[in-house]
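Take a look at this one; I'll ask things after.
Just so it is clear, A, B, C and D label the chains in written order, and each chain counts residues from 1 on its own.
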Amino acid sequence: MYFASDNAGPALPEVMAALADCNRDYAPAYGADALMDEVRAELRRLFEAPEAAVYLVATGTAANALALASLARPFDTIFCTPVAHIHQDECNAPEFFTGGAKLTLVPGGDKMTPERLRAAIAAEETRGVHGPQRGPVSLTQVTECGTVYSLEELAALSAVARDFGLPVHMDGARFANALVALDCSPAEMTWKSGIDALSFGGTKNGCLGVEAVIFFDPARAREFELRRKRGAHLFSKHRYLSAQMAAYLRDGLWLDAARRANAAGARLAEGLRAADAGLAYPVQANMVFAALPRATHHRLIQAGAQYHLWEGALEGSDPDERLTARLVCDWSARAAETDRFLALLG
Amino acid sequence: MYFASDNAGPALPEVMAALADCNRDYAPAYGADALMDEVRAELRRLFEAPEAAVYLVATGTAANALALASLARPFDTIFCTPVAHIHQDECNAPEFFTGGAKLTLVPGGDKMTPERLRAAIAAEETRGVHGPQRGPVSLTQVTECGTVYSLEELAALSAVARDFGLPVHMDGARFANALVALDCSPAEMTWKSGIDALSFGGTKNGCLGVEAVIFFDPARAREFELRRKRGAHLFSKHRYLSAQMAAYLRDGLWLDAARRANAAGARLAEGLRAADAGLAYPVQANMVFAALPRATHHRLIQAGAQYHLWEGALEGSDPDERLTARLVCDWSARAAETDRFLALLG
Amino acid sequence: MYFASDNAGPALPEVMAALADCNRDYAPAYGADALMDEVRAELRRLFEAPEAAVYLVATGTAANALALASLARPFDTIFCTPVAHIHQDECNAPEFFTGGAKLTLVPGGDKMTPERLRAAIAAEETRGVHGPQRGPVSLTQVTECGTVYSLEELAALSAVARDFGLPVHMDGARFANALVALDCSPAEMTWKSGIDALSFGGTKNGCLGVEAVIFFDPARAREFELRRKRGAHLFSKHRYLSAQMAAYLRDGLWLDAARRANAAGARLAEGLRAADAGLAYPVQANMVFAALPRATHHRLIQAGAQYHLWEGALEGSDPDERLTARLVCDWSARAAETDRFLALLG
Amino acid sequence: MYFASDNAGPALPEVMAALADCNRDYAPAYGADALMDEVRAELRRLFEAPEAAVYLVATGTAANALALASLARPFDTIFCTPVAHIHQDECNAPEFFTGGAKLTLVPGGDKMTPERLRAAIAAEETRGVHGPQRGPVSLTQVTECGTVYSLEELAALSAVARDFGLPVHMDGARFANALVALDCSPAEMTWKSGIDALSFGGTKNGCLGVEAVIFFDPARAREFELRRKRGAHLFSKHRYLSAQMAAYLRDGLWLDAARRANAAGARLAEGLRAADAGLAYPVQANMVFAALPRATHHRLIQAGAQYHLWEGALEGSDPDERLTARLVCDWSARAAETDRFLALLG
């Protein structure tokens, strides 16, 4: 009954096999390996973007922070939501990698709205050199609350950014989960919707540790390679990153894994709904936010369930008070475990 | 005939097996995995340092830059040799992670001498707040030129640092190769010789990508965890770093691998000496610097040999001019390949 | 009719005379001048803080950013209001000087409340190394909206900070205006109220360009001198900073100047109230925020009045729409000009 | 007998008068004052550069660090001499303002030679993304050793930079002293000699604290204004910077002051030569480096002479050992004092 995160599950067998398979002889270091050529070609094909610049790093925070550092100047501010991973969960990595840019929180919940984004950007225009300058917009897809921006929503948000001449970054740590949820093409969910740079997650969806950074306009990538090296994120034995990503993309494995995770999320959500748990957000991918009584939490945890509280504190005297749990399903989630969890809801 | 670097060879079979072996079920993320407990305990045991703080990162540059950032303040200068990896090959990563510290190059070649180190440190004292402040000393063991500091040399250098109250960092990207060369204990080559913080390499000696950072005085590590996260070097699926390091340390595998690499280096050096190639540095580990005529280089490269030139340029008209090759052997080097290379020397 | 800012008025004659007076012979550079000894002694006496560390810089942003950089680590977050000068008007200087710390905006208007500050600090505790770490609290006195924290308010806010072990910084760009408003002692408004570090403004209140930074706990100042030099804020001909500050403090000149500015603010506020202008904030020092009809704004500006709009845009069709003006009076404000302005309100 | 530095003397009476003169009424803040328009126009006229971007800051370190930050990227290295002020005397300010760029020391003494500069730049080309990237060249004119690059030398050095596509910065803290020494035009000593950006000193030559930064290609200045604000170097009461610079440039005052300082230097050098003191560098401006016996130093200091030792230590037993003094004359140096000093040489 493990729902703490999709970053704690095992890697896909095909990914492990690819690692073993590439482990022969010498291979050029630092991204000059043949597998990287395969990865680059495949991502360009999948995204219908033959000119895209493609790089691999090992962590999602590195992908985000390095991508943003290539888009933002140190005196800029980056627009994101108050729950954005780049704001809440990266220990100031975006500030560090950009050399001191600021993050402006567009008010609201899981998603930005075009109106609020426009207002936030407009508000930064009145102070000349005194205030931070307008910088990139960063959207998370799947959002940190498990919801998925529709193509229309993405297009409307990037249109606002374009009105101000600002680039748009997508934190796609759960890109595959969003893609299968929308049932659209990678191009549609990115550059056709106005996205300029993408953190394309692999780790949470069955890799050991690999993320791609994709710049649809390769001019934007000019500095990325130097920033990656300077950030100590260029792997010498790069083939082991390439092999993961190559296997992940092969034969639609990445989509299959995401479908499994989303299906597990749906099963969990259905059971919770049936048990009258309040769902805080629409369940559109592999994350469920459920408001459960304190007493239920105690029962679940005692039985071995693992997950994080999103709101509220376990300590407290009222057994009926509702505390919101964040429940995440990865590709390896087993239906039996989900059902065992649901059975405990009582 | 691959001698370009020890960062381009395959991983040790035992390391690959450990990866496969740990790939089951969920494991706590971000370094809370049980394998990390094993790694920490084993490194403390090996280094006879029960209080040491131990962390894993994936690249050698990350290990160096994060360790130095925990030792140096942004207005300090770090003392190293002109050939130090941190100076030449990390694209300003130490400057980045320290927030703008300087590197002071202690004149000389592969190794610092206590006299020159003392003079360099002393020279930084005369300018009050105007000049950079004295910061840590960073030594590379095995040096970038393939030589190994003796325990006496290490002790003499760290004594100079101690005279000025400065901490000492060791870049041990090839720590194992140095250790088997000196045939001493890890403790002797580090804290017993005055080393405060160590980058303990795994990648070049048979891992896919893992390095330990060890602080012998845990107080020095206070900020390291936050710096690692902020630098995007904290792995979510951390077990895959732990598994590599655990296997690497098990049953002396790391020492065996280093002995193989050093033996390959010795075989290569012997053959080069016999062929009258000038060796630029004593061959004490797995790296050989050989001055070969331009014509010989052309013959070797045409036959498929791979290595980097350390000095000189292949282009040139004089076939007899000597150009220095850097030849590196990893654990997987095969004697037959070495002999094929040597046979081409003519 | 100049109300745009108190940073655009002339310097006090006594300050100018002191500059001329000190302009003889050679004087030790970089803060070793005798006038600095006088300044240090006088500020320690005024603040009843014989151990305080005292430094001079030339701009308010330098005072704030350098003081905060001495209190915050790069992975920390600084707590301030959404209207804080350090957030809105320093072009990311705090982020720059701290090496990438974040600013957390405590919700609300001109002032923090202890409840909201406590909630904001508490909210940063749940993410371990993933989120930013709790850093200093920064209060502005006089606030950016012209209001003044009472001693009770200051004590309550710093008590919250102390509960979490966090230092408190006061941006006192208008320190003198607040002090005469509260009619208390400098010590009462600072360290006796729990303030650890102070930006003590001189520029806005009649100097050419000088601010003091005062650390009541000198241990906190350890790094300040190096940070000041590294930030290029250590003046060689430092006597010209010292002379300004010495004259400013002599014979209560600083308090007289502030009283004049506050009196001008009060006269302006009274007239605006009489004219039925809505005052957005209580007028407690030298700043007035008045909601005037668009038509009135047009009339005032045409007649030569100078000030900034705080909310709303001059462009617009509705002549009756209320737009909030920010009106600031400095020590040199003339009653006749104020009355001329008020007469235009109609 | 004050020869410690030209940053410790008084300001020129005309500069003081201009300060007093501008101290009336309100003036637009942050560089929008009318005096700044005058300064900009006059510097463009003097430099025959009608498009040049012109800014004022208060310290030489700010001028240098901000100019270099506009020319260098964080992963670049800046080429300078080992005695460069930016390397030795700015406490890592260039590293800080550039976000972590490195300084590469071109071997030699007071001046770079084209051959050594070319070799140093060429040596940074062999490591791809691993080494720092080639960045700007920074020359000091007058050099830190009191010598002056000829126009031919400047042109030859900037030609090397141009061969590699690198911009050239001139640290002109003593620009006027060099200009009158060469008896050429400002344009000849800068953009006609290939200089792209200039720190144009005022402080050492009779101002209180003001330096201009001039970009001959205004495109290079794009980021400067934001960097200046972010670095806390944009003055609110900017008129007091403008007034200094305007007076300094008026009627050739700056050149007269430099001629006085250089003449004082020449008088001092002549006397030292007559007394058989070894002069370490040709005396071409207002600085003299003289090797005097320890006993003479003791006699001079006892008699009240003030200066810094450049090499050697006063402590020591041999009264005949020669220690090199650095002696600097400013515009206010008096012949009688110089003669008193010389009379003590014995």
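Note that in this section a contact is a pair of C-beta atoms (placed from the backbone, for glycine too) under 8 Å apart; a residue touches a chain by one contact, two chains touch by 3 or more.
Since the model is a prediction, treat every value here as computed from it, not as a measurement.
When the interfaces C-D and A-C are ranked by C-beta pairs in contact, the top one is C-D. Chain centres here are means of the Cα atoms, and by that rule the chain farthest away from subunit B is C. Taking each chain's centre as the average of its CA atoms, subunit A and subunit C sit 41 Å apart.
Here the spacing of subunit B and subunit C, counted between their Cα centres, is 50 Å. Chain centres here are Cα means. That of subunit C falls 34 Å from that of subunit D.
With touch defined as above, residues shared between interfaces to two or more other chains in subunit D number as follows: 74-75, 90-92, 96, 99-100, 129-130, 133, 226, 229-230, 234.
With chains as nodes and touching pairs as edges, the resulting graph is complete, every pair of chains being joined. Partner subunit A is touched in their complex by these residues of subunit B: 2, 4-5, 7-11, 16, 19-20, 23-29, 57-62, 65-66, 90-93, 96-97, 203-204, 208-209, 226, 229-237, 240, 306. Against subunit B, the residues of subunit C that register as touching in their complex are 30, 73-75, 99-100, 129-130, 133, 223, 225-230, 234.
Interface of subunit D with subunit B (complex): residues 74-77, 88-92, 95-96, 99-103, 105, 127, 129-133.
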